[in-house]
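Structures incoming, each one as structure tokens.
Two complexes are shown next, each including chain A; its partner changes from chain B in the first to chain C in the second.
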Partner chain A sequence: MLRIEHVSKRYGKKEVLKDINLEIGPGIYGIIAPNGAGKTTLMKLIATLLFPTEGSIYWNEQEILSLGAEYRSILGYMPQKPGYYRNYTAFDFLSYIAVLQGIPHDAAEEKIRTLLTRVNLDPDDRKKLKNYSGGMLQRAAIVQALLNDPKLILLDEPTAGLDPGERVNFRNMLHEMSSDRIILLSTHIVSDIETLADRVIFLKDQTVYVNDTPANIRSILDGKIYAVPQDYLLPHNAKVLEEQPSDNGTILRVCSNKPLPGCKLLKPTLEDVYLMIYGIRK
Partner chain B sequence: MNKNIKIEYPNEEIIDHSIQKILDTSMQNIPSGSVIRHRVSETIGFRYLFFGMKDTLSLILICVVILYMSLFLSMNPEYSYIYLYGFILSPIPFLLFQCLSVWKDHSIGMTETKLTFKYRGKEVMCTQMIIMTIASILMSTVFSVLCSMNPAAEIPLFQLCIVNYLGLLLYSVGTLLIVLRSVSFLASYIMPMIWMFVSICFLFDPQPVNGFLMTLPRPAAIIIIFISLLVYTTLLIQEYRSIYRSGGEYAAN
Partner chain C sequence: MTGKLVILRIRHLLQAKFFLFYAIACLLLNVYIADITFANQTYPKYLADFTRDNGIEITEKSIAAGESLEDSLQKNVLVSDLYSISNPWEEVTAKDIYSQLSDLVPMIRNQKLMEQKYAKLQDRIDQIQNQKEYLHLSCGSYTSDIYDSLFSMLMRLVTLEILLYASGIAIWTAYEDRQACTEQSIAATKTGRNIQKTGYIASLILVFATWIFIAGGTFLYLCIYCHLDSFLRSSLSTGFHIRFSSVMPIPFVSWIPLTGMHALQIHLLLQFVLACIFHGISYALSLRQNSSLQTLMTLFSSVLLLFLAAYVFVRTDLFALFELSVWNPVMTAYLEYMWFTDMDLYSVIPMQETWICIVWIIITIVMVLTGLKIYFRKDLNA
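Moving on, here comes the complex of A and B:
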């Protein structure tokens, strides 16, 4: 169990996170916020790469900074921009990581092979990393984070650079692993979270704004999302979330508190909630 | 007494966990030297210490530069600050390699990832240190021999060797003390900065320091070297032991 208690983080006078309180048990958690809202800072605090200005983080009731190597041995971290040694093959690079993770040689080799096969990198495991595409490097970085069979997995923007097929494979892989471990996924791509996360955490104004299941969060907008023709006269407080071209002209996706007669009621998505919380950036 | 303060007593689960933690920690055997050596060789092969073309080339370049400087200094009979130069230059292979490794990791974004690993790269760094210290001792010896071979300079080999080893060991111990007690990757730059700063200060007025090193009584120098070696070895052993003690076993098991 991971417990974040009254955690704040300031860089000089700039407050990035303010009084974060979370209790996180096994399962997949999606942290959603726009860029620059403190997602990466929160991940780094949990990964002990940063120290909180205030508050503490606990793993099984023990402060993570005092646990040291014991905590890091259960931690798998994939940073937003994963580093790699260009002249190493994927297999050698991961073997090196296995050394730093303290995994015995034989166990490491087996684990690397299994994971490379799982992310479809096994045919290219002897290729140098400098010859890998962006998606392949991203998959190698995912393997790196899972190598020590971590109980706590922190993935910062893990799906950036993955093609749709790889994304689905990645989601399936996380889903398989999530029963007995904590997976924290930070992203601004809402669709990654929608089908995958057991709970979704929205950050706003430097703190936790919403922390609930995707279904509960979506239900906030039940009966409020409509497909509206472009020439429809919208009530004053209605908010246009998206413009979708169709055969009959542009259709607007609108959130309205008041019923819109003649318009088709739609099922709300997490993206609708996201847009209602953060607005549309132009 | 404030009656509003609510004291939360630990429940059975927390008490059991705490007892288990105490037992686990106190009953863990401290591994012996041979076990540590075996584990190090098992987990860190030589190939992971200096890898890639850049590492190899930079090591070769450092050696060539040091050898060239040694030759240049040894062939210059007018050279009078040889002890000071020996003292300053002896940890240079170590210093350059250390800075290059840290800079390389930082530039490709590996530092952050490495800091989340069980061993944080310190173990690799400690083993690198041993090898770099041995390499530096060899280089210092070559430097001292080359310098002493110049008949015009009349430099006693033993004194020059002692001065070189002294510089090298003081630098090594300083590095270990700083790096092993800090979590920031920037700590790796502190000792090189200190060494360069002190060296520049010495070079502004080289005569007194050179004179001091030239006349440094050998027994005193040998005692300092011995103490430095002792501290160096103790720090390394302590680090390895603490890594294996706190690290526990492979998490997946």
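Moving on, here comes the complex of A and C:
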């Protein structure tokens, strides 16, 4: 169990996170917020890369900073911009990380091979990392985060650079692993966690804005999302979320508190909630 | 586990080929300079052959042996050297040197310390006389030139090379993971921020290996190919060795009995100690600062400031401040040609360079330990 208690992070006068409180048990948690809203800072605080200005983070009721190596041995972290040594092969780089994780040589080799196969990198494991594509590097970084069979997995924007097929494979992989561990996934791509996450955390104004199951979050907008023709006269407080071209002209996806007669009622998605919370950035 | 990590880190650092090229280029340069400076000189070789058969001390027997050699240009120089030897200490005492210096150099304010220094030096002068070190042949009339070429040029070059390497590899190692964006992935592993500790040890081992390669290679070349045998076996305080300090010529004297070989060895050793200090300071600074450029600028401006301070304090006769400004590894390296001698007017205690190094080794250890501690509590936000 991971517990975040009154955690704040400031850089000088700039407050990045303010009084974050979370209790996180096994399962997949999606952290959603626009760029620059503090997702990465929260991930880094949990990964002990940053130190809270106020508050503490606990793993099984023990402060993570006092646990030190014991805590990091159950942690798997994939940073937003994973780095690599250009002249290493994927296998060599992962072997190096395995040593840093304190994994015995034979076990590490077996684990690396299994995971590389799982992310379809096994045919390229002897290729130098400088010759890898962006997607391949991303997959190598995912393997690096999973090498020590972590109980707590932090993935910061892990699907950036992955093609649709790889994304599906990645989601399946996370789903398989999620039964007995905590997976925290930060992203601004809502579709990544729509079907995957057990709980979704929205960050707004430097703090936790919503923390609930996707179904409960979507239910906030039940009966409020409509498909509306472009020439329809919208009520004053209605908000256009999306414009979709169709055979009968452009159809608007609209959120309205008042019923819109003659318009088709749609099922709300997490993206609708996202747009209602953060607005549309032009 | 730490041992395994250090080995891995060394293997990893060895992949940075430019450090390897740098070391090879330095050795080649040193060998080239040693070659053009010493290897082609015929007199040291001639003298080496002569002293091998007749010993390094000038005696009646060796004078006779010199005269019986086949006629040649070298023989003429040798015989002239054998006859022209004198005891420079017969009429000069340490007290005389001190009184002349204190008359001539207005900046000497700390007279008591200087008096003590020269009083201590008299013991060594007596020893030179009693053991007839001044009769050692060394390189005869070429002794001062050979000494200058060896210690004022070649050894200073080796020192500069190893100091640059030590600082460079320290900064490279400390920042490498940040440059490669691997710092966060690595810091979140079980080893965590201990990676900098292993980085420090690994890069220090490489400094040692490179020092062995550059300095050892140069040393071996000097010993094997440069025919300096008689110079290396003789005391450096011979009758042929007159130094010109900034005010007056004085016979060469060192704090400890010093043959050419001893001088070479202790120069190399102190060189390595200085390299460890430079490496440690550069590493400690890198752990505190956030960019390699910032660290490089800090080091560069510190070196400039130290030279500037020394210059200003000399010009303004602020002796105490000047003395303080030379108590650092940069000035110690710069004044290498004066190590273990009393030739500099700037050192107030015997073997000052050694004491400076001891003090700075302690400072460096403290800086590295606090640097590692700071890195442990540093936000890794790059």
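Basically, the second predicted complex is superposed on the first by the 282 of 282 C-alpha atoms of A that agree within 3 Å, B and C clash if a C-alpha of one lies under 4 Å from a C-alpha of the other, contacts with A are read in each partner's own complex, and residues count from 1 in each chain.
Definition applied: a residue touches a chain if its C-beta (ideal position, glycine included) is under 8 Å from a C-beta of that chain, and two chains touch if they have at least 3 such contacts.
Being a predicted model, the structure only gives us computed values, none of them experimental.
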> With both structures lined up on chain A, is it a clash or a fit for chain B and chain C?
Replying inline: clash
>> One more residue to check, A:50. First (chain B), second (chain C), both or neither?
In response: second
> Which partner does A:211 reach: the first (chain B), the second (chain C), both, or neither?
Replying inline: neither
>> Between chain B and chain C, whom does A:60 touch in the aligned arrangement: first, second, both, or neither?
In response: first
>> With both complexes overlaid on chain A, does A:186 touch chain B (first), chain C (second), both or neither?
In response: neither
>> Of the two partners chain B and chain C, which one touches more residues belonging to chain A?
In response: B
> Just chain B (first), just chain C (second), both, or neither: which does A:149 touch?
Replying inline: first
>> Contact-wise, after the overlay, does A:102 reach chain B, chain C, both or neither (first, second, both, neither)?
In response: both
> Between chain B (first) and chain C (second), which, if any, makes contact with A:138: first, second, both or neither?
Replying inline: neither
>> On chain A, which stretch or stretches are contacted by chain B in one complex as well as by chain C in the other?
In response: 44, 47-49, 68-69, 72-73, 75, 77, 79, 81-87, 96-97, 99-102, 144, 148
>> Quick check on the complex: what are the chain B residues that touch chain A?
In response: 14, 17, 21, 42-45, 48, 51-54, 105, 108-121, 123-124, 243, 246-248, 250-252
> Okay, in this complex, where on chain A does chain C touch?
Replying inline: 44, 47-51, 68-69, 72-73, 75, 77-79, 81-87, 96-97, 99-102, 141, 144-145, 148, 154
> In their shared complex, at which residues does chain A touch chain B?
Replying inline: 44, 47-49, 60-62, 68-70, 72-75, 77, 79, 81-88, 96-97, 99-105, 107, 111, 144, 148-151
> Can you name the residues of chain C that touch chain A in the complex?
Replying inline: 1, 4-5, 8, 12, 15, 177, 180-192, 195, 377, 379-381
